[in-house]
Amino acid sequence: MKISAIVTLKKEVLDPQGKVVNQTLKNMGYKNINNVRQGKYFEIEIDETNEKNAKNTMEEICKKLLANSIIEDFTINLK
Amino acid sequence: MKSAVIVFPGSNCDRDISVALKKFQIKNEMVWHDESDLPKSDLVVLPGGFSYGDYLRTGCIASKSKIINDVIKHAEKGGLVLGICNGFQILIETGLLPGALLRNKKLRFISKNVYLKVNNVNNKFCLNYKGKKIIKLPIAHNEGNFFAQEKILKELEDSDLIAFKYCDVNGNTNEASNPNGSSKNIAGILNVNKNILGMMPHPERHIDPVLSGDDGSFMFESLLKSF
Amino acid sequence: MKISANIIDKHGIKLNEYKKIIKLIGREPNLLELGIFSAMWNEHCSYKSSKKYLKTLPTKNKKVIQGPGENAGIIDIGDNDAIVFKIESHNHPSFIEPYQGAATGVGGILRDIFTMGARPIATLNSIHFGSHDHPKTKNLLNGVVSGIGGYGNCIGIPTVGGEVKFDSTYNENILVNAMAVGLVQKDKIFYSKAKGINQPVIYVGSKTGRDGIHGASMASAEFDENAEEKRPTVQVGDPFTEKLLLEACLELMKENSIISIQDMGAAGLTSSSVEMASKGNLGIEINLDKIPCREEKMSPYEIMLSESQERMLLILKSGEEEKAKEIFKKWNLDFSVIGKTTNTKNLILKESNVEVANLPLSSLSSDAPVYNRKWKKNLESKKNTTNKKYTSLNLEDSFKTILKSPNNSEKSWVWEQYDHTVMGDTLQNPGGNSAVVRVHGKDKGVALTVDSSAKYCLANPMIGAKQVVCETWRNLISVGSDPIAITNCLNFGNPEKDIIMGQFVETIHGISEACKYLDFPVVSGNVSFYNETQNNPISPTPTIGGVGLIKNINLTMSHSIKEIDSNIFVIGKTSGHLYQSEFFREVMKIYDGPPPEINLFNEKNNGLIVQKLIENKLVNSVHDISSGGLIIALAEMCLSGQIGTKMKVKFNKINPYEFLFGEDQSRYIIEVNEKNKKNVCKILEKNSIYYDIIGKTQKEYLSLNDDFNIKLSDIKNLNSLWFKDYFKES
Amino acid sequence: MKISAIVTLKKEVLDPQGKVVNQTLKNMGYKNINNVRQGKYFEIEIDETNEKNAKNTMEEICKKLLANSIIEDFTINLK
């Protein structure tokens, strides 16, 4: 089963990468773009048939490894 | 005095620090990350570099190494721990020091000499900086932008746990003298018991006057003196 | 599968070359074999257009341990120490994917160094971009610089020097040349030549994936409009794995287990196995089932032509496999016995016990085509005589215009992204004449530099090439080293055109002549042809990387002015050559005319005297004069030392413009304190060296007669303005 | 309107980060995880009411800036 997670910086943490992308887009002529946030995406192949188990494992992994709770939030998606 | 330098896959300042320790007559042993026990040591050093390529988050994967449990025990018993650059990042990921190290504000790797204000000389790492308010050391990192919640920043400041702050040649700590966007210009911090120091600058690279400075020497002399 | 004309063409093989293949192997090749031929016979691997001329380069002297022909060149620096170095291009991949292209360029050249048993101690790079206002330039510059840094910083080898240039000639073909330098014990050098029959062939490092298939052929084809679709995937670099590979290889090299070793560079497993076996005059048999693959069901064709990074091929002494395996396991790297050496003199590939290719090794190496291409002498670049009204300009403004032009701007924006102090032995940082790196644990050091001068080379390839070699030599002299040898990266357009081939031939003549005269042999290098897009070739760009020895690091010289009230000497004659100068290009917008002449006799004389003055501690600081002329060199010295200079000059034969901006060659600026002045003059006169004393150092200001008086802080601001502006930083 | 894009390395391209994360998860005891790929996530706020227009803009941005089609693929999602 494939399962994915998106890890983003918490709102109160400055996201310089997103800021640079935003600025670059403005310079390229995209005037209607107001805000850009950048994050990380992880896709995992897991030997598991039960969706709930897979989700639980992913959540555990995010907490233990993939996200740093001081600065980051995460969301999980089944593919 | 005895020290142990932990070598992770991707560490690359391990040789530099061992050269420095030897130069100041500290008996050093290199310890592979996969060992479970530390040799008897007074000081444990987590060296600079790119452990595990700095993939995922800097210092994160190294903080899950086998040896780390013993490093934590050593620290809890009051043993000295010094984390330089990637070592600082690892200390933060293990939770031995608070906060987070984000990407440099300008999103670029920065390698240059910077001025530092030594804020706290009452610890075993910095004794010999007494009277030497402003020093010069090299930095070389991509993620040195120290971040912590207001509460923690205040605690650090109130308890005098900020060891070094980025400044200019006259000692001004402001945005212009802040190379990477760190909160309060923080370049290095101590834990409450002051036996753990994490810092982004590299003292081990400035131990010889033929290089562009030797302000790193004072730190090794301090360590030696305290034993 | 029948090989059609279309398939042959897609492999970049010409019809007559295909006929030659059939003749050599006595039958039609299968598709896998054709792929192998295409990888081995393309320009990048076979040097078919350049071989004839490369042979004419001087490659030997007392200090050369290994000249061209191995992974890198090696020179003797005494006490059983040797320096291994080479430069290589990664131009095409960097244009397509600047970060990964540049990163894997650094990774590739580092493997060439440690495959010989050396620990890399420094890297340098020469990078050329299109015009700063070309829409692609900013992104390419940003990507290439962070890619070079990304790889070098992570693996922990200091990037100590380099050059960055902008010119519209590179708009669609940027250049990324990376040089690496390593240190090895003279009696512990490893080579790629296979020896002995039935010895195990070992694959170590990363797994093989479907990336970069046919990269070498790409480097041998020009871009066209359809390049977009034809582009094969570029490889992604993994500096972390390379660091593990480096440590694992050096660890194994301490044992007595390796017969020979070779990195998998261009054309991957194909070229490494072919080269090792054919150098040893042996055969080699490979079982493709044993290759560690990243993806399922990879075909023999894909496996043999993949250019996945961070891989090595070893031949071990049989019986040593287990010991070696342990080491690679510790470093978490793949290790697989994939075959053996044989006496067949053939390359035999097997898959599931079936022979899928069988080719005589000679057909891939010694019998590969070599061409004697048509070439045409380059026209003399004519002087534009009508446009010489520069004396009505303003001196100060002209100086400032040059100072803030992209090419003459201070480049710390670039080199502050490179860790240049890791390993703790960098004595001179980027920004000076040459970088200086201490030999670890000793009192000696090596001086390192990389230089090019495409503007001179386009105007006159022969003189231009000589000039670049001399500039390298001068840079090495200026830090107090004894120049020993060079490596070169020859970047050109399509050699099938007689004009381009002419540029190449003349360049080789120029390099040869200068190297012979200066006893400055070429020990390694690389040729990159087909740097052209839609018939627009780049200017001929030979890049020279030089290495010098500093016997006593305490005698290292820098270009920072040291004290006030010392004397500023110019060594060598200033006659005011302005054609091809930065002044003509940046201020007058004059681009024609010949480059300055090089007189090798003066070059050598001036250099050796400067070397002697440094050795005898008679000078405070030294800088060579190059692009931009005397005033730019002097300004750099003043900025670096934060001390100004008051120039007092009488103008009779030449005017102030020619004096300040002329790019006459073989010159140095030296700072001499009052106490040594007499002595220095005496030595210069005794050796018939032409010199001028142009002024004295002073506080804070750089001035000339009554013409101008500029504060150093203003110069600094102007000089560092461009990059900040370009990247919109305060 | 918020719209997001995930940029991942093409399947054939080496993903050094994913490789290391995968190995680390194995060492942490997650034996049932077979493959990890890491990518980038971008979230954009755009002044646009028409979904199709927003998607088109995002696609353009991905092609021009956020992804390099030589080594990367991307997918777009409306929030």
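Every chain is named by a letter (A, B, C and D) in the order it is written, and numbering of its residues begins at 1.
In the analysis below, a contact is a pair of C-beta atoms (placed from the backbone, for glycine too) under 8 Å apart; a residue touches a chain by one contact, two chains touch by 3 or more.
Here the structure is a predicted model, which is why all the values come from computation and not from measurement.
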For this session: Identify the chain pair with more contacting C-beta pairs: A-B or B-D.
Result: A-B
Exercise. Cα centroid separation between chain A and chain B, in whole Å?
Worked result: 30
Seminar exercise, completed: For the pair chain B and chain C, the C-alpha centroid-to-centroid distance in angstrom is 36
Problem set entry | Centre-of-Cα separation between chain D and chain A, whole angstrom | 9
Exercise. Going by the touch rule set out above, which residues of chain D reach two or more other chains?
Worked result: 16, 20-21, 24, 28, 38
For this session: Indicate the residues of chain C shared as contacts by at least two other chains.
Result: 238, 240-241, 332
Exercise. Which chain B residues sit where two or more other chains touch them?
Worked result: 52-53, 55-56, 64, 106
Problem set entry | Pairs of chains found to touch, sorted by chain label | A-B, A-D, B-C, B-D, C-D
Seminar exercise, completed: chain D residues touching chain C in their complex are 9-16, 19-20, 23, 68, 70-71
Problem set entry | Complex contact set, residues of chain D against chain A | 6-8, 18, 21, 24-25, 28, 30, 32-48, 57, 61, 64-66
For this session: Spell out the residues on chain C that touch chain B in their complex, using ranges where they run on.
Result: 146, 149-150, 153-156, 238-241, 243-244, 331-332, 412, 415-424, 426-427, 429, 438, 553-554, 729
Exercise. In their shared complex, at which residues does chain B touch chain C?
Worked result: 9-10, 12-13, 15-16, 19-20, 48-50, 52-55, 106, 108-112, 138, 140, 142, 202, 204-205, 207-208, 210-212
Exercise. Can you list the residues on chain D that touch chain B in the complex?
Worked result: 16-17, 20-21, 24, 27-28, 38
